[in-house]
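Next up, some structures in structure tokens.
Next, two complexes with subunit A in common: one pairs it with subunit B, the other with subunit C.
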Partner chain A sequence: MTVQDLISRCHFTPVVLADPEREVSGCYVGDLLSWVMGRAQAGNVWITIMTNVNTVAVGSLADVSAVVLAEGVTLEQPVIDCAEARGVNILSTDLPAYETAVLVHSVI
Partner chain B sequence: MSEHLNFHYNVDGENFVSAGQASVQVKKNLRELGLPPEVIRRVSIAMYEGEINMVIHADGGVADVDVYEDKIVITLDDRGPGIKDVALAMQEGYSTATDSVRSLGFGAGMGLPNMKRYTDDMRIDTTVGVGTKITMTINF
Partner chain C sequence: MKELSLNILDIAKNSVKAGADTVEIALTETEDQLEIRISDNGCGMTPEFLASVTDPFTTTRTTRKVGLGIPLFKLASEQTGGTFHIESRDQAAHPKDHGTVTAATFMKNHLDFTPLGDVISSVVTLIQADPDIRWVYTHTMPGKEVRLDTNELKAVLGDVPLNIPEVIAWITDYLREQYETA
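After this line comes the complex of A and B, so read on.
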């Protein structure tokens, strides 16, 4: 399952699609950045409602396959630019985090 | 002394909204060196946690990443307030971070434990009122 497959199967909106062929494995949900870095695995889909620029840094450093913004939260343009520069996939959905995780679980 | 690469960074203590620039640069540099992704991930996360701590707790500092043939050594040096009780600070969940820092997603009290978790060796030299120097080694 690639990030591109995930987008079509879950009807996520691509916000930044830097690496659509990245393989997806597993999922982590959380907004506290140190928990994400301590617990998420490389390749995980990371579901969050955090939208500041640190989200991009953590997504990159923790090497997740994609950040999925739940609850319809949006990014400001500088954050989008940063994700593009760092090659971090960012997707979004109007679903709450729990429903998003259930959906991801059902397709991967 | 063996030949090695050194990356040196000044970590700005002013802006904690965009903190983490040195770590992002380190990740880029290590990728260019062709190091294994898992090593890069461990170094990046340990360094990022340390860099964020220097920004939110110590008003910035300097970071050095030394790349040897079989290990990477990260050194973070600041002139901040120091850590009074290191054993307490090392506990998961212990944090003195402010609410504004927490609202950015930091301050979970997991930074030092993560640094320990992702490195093979971690040393904290700290003196209250003088500063903190953290040295982390990742072997590969």
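After this line comes the complex of A and C, so read on.
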């Protein structure tokens, strides 16, 4: 499954779609960035509510397939620009993190 | 970081990397606030580099393009409503007076305050890894102060290295006792 497929199956809103053909594998949920950095696996969909520029850094470092912002949280423009520049996919949904994870699990 | 003591370890490692021979770690606590200040006399940073260090995509590492030590320390303080400050004088421009001071304040009663954690372990780990550096650690709390200056230890120990197990165990106990004494 690709990030593009994930968007259509889960009705996520693309915020930054740098690499829509990126393959999705597994899912990780967490907000403590240093913790996520050491635990999210490459290719994971990472669900979080953290919207700092550091989120983009961790997403890039952990090489996740996409960051999914839960609970309808939004990014400031400089963070969006940064994700675009670094090629990090960012999606958003109004669902809480748990429901988002369950939904992702049901489609991948 | 799950504990601020890990941030301290991380920031102090920058001082080691900057070639500092003296590093001061000062914790100052009031009823509702904690300040962590790490000062060194290392090579410092140019104003251009300094301006970008809170950006996670700035790093001195060559193995990867992302550096999160300072950005995460800053985030940890700001998410409690605290403030973060870093200043630096680089060796080229200030040959006699160079170094870096990194300071962050934390509101202890904020829900997102990260616990300080095992700061004794952090300090001991730093001393053990770089015993030639002068480490000055102070933790000031209302009505109490914990203090360690490795230069004072060296004056007593003479040629005995700081990083042998017996001395490291002694330093750990010495700090622990100071914390336990009211």
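Please note the rule applied: the second predicted complex is superposed on the first by the 108 of 108 C-alpha atoms of A that agree within 3 Å, B and C clash if a C-alpha of one lies under 4 Å from a C-alpha of the other, contacts with A are read in each partner's own complex, and residues count from 1 in each chain.
Here is the rule we go by: a residue touches a chain if its C-beta (ideal position, glycine included) is under 8 Å from a C-beta of that chain, and two chains touch if they have at least 3 such contacts.
Small disclaimer: the values here were computed from a predicted structure and weren't measured.
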Legend entry - Combined model on subunit A where subunit B meets subunit C, clash or fit: clash
Inset, instruction - Please work out whether A:I108 is in contact with subunit B alone, subunit C alone, both, or neither, and reply first, second, both or neither. - result: neither
Inset, instruction - Could you tell me if A:A18 is touching subunit B, subunit C, both of them or neither one (first, second, both, neither)? - result: neither
Inset, instruction - Using the superposition on chain A described above, determine whether A:M37 touches subunit B (first), subunit C (second), both, or neither. - result: both
Legend entry - First (subunit B), second (subunit C), both or neither touched by A:M1: neither
Legend entry - Touched subunit A residues, subunit B compared with subunit C: B
Inset, instruction - Figure out whether A:R86 sits in contact with subunit B (first) or subunit C (second), or with both, or with neither. - result: both
Inset, instruction - Share the list of subunit A residues that count as touching for subunit B in one structure and for subunit C in the other. - result: 32-35, 37, 52-54, 57-58, 60-61, 86
Legend entry - In the complex with subunit A, residue positions of subunit B that touch it: 17-20, 23-24, 27, 37-38, 40-41, 44-45, 48-49, 104-106, 108-111, 113-114, 117
Legend entry - In the complex with subunit C, residue positions of subunit A that touch it: 32-35, 37, 52-54, 56-58, 60-61, 82, 86
Inset, instruction - Report the residues of subunit A in contact with subunit B in the complex, numbered from low to high. - result: 31-35, 37-38, 42, 50, 52-55, 57-58, 60-63, 86
Inset, instruction - Quick one: which bits of subunit C touch subunit A in the complex? Just the residue numbers, please. - result: 1-2, 6, 55-57, 64-66, 68, 71-72, 75
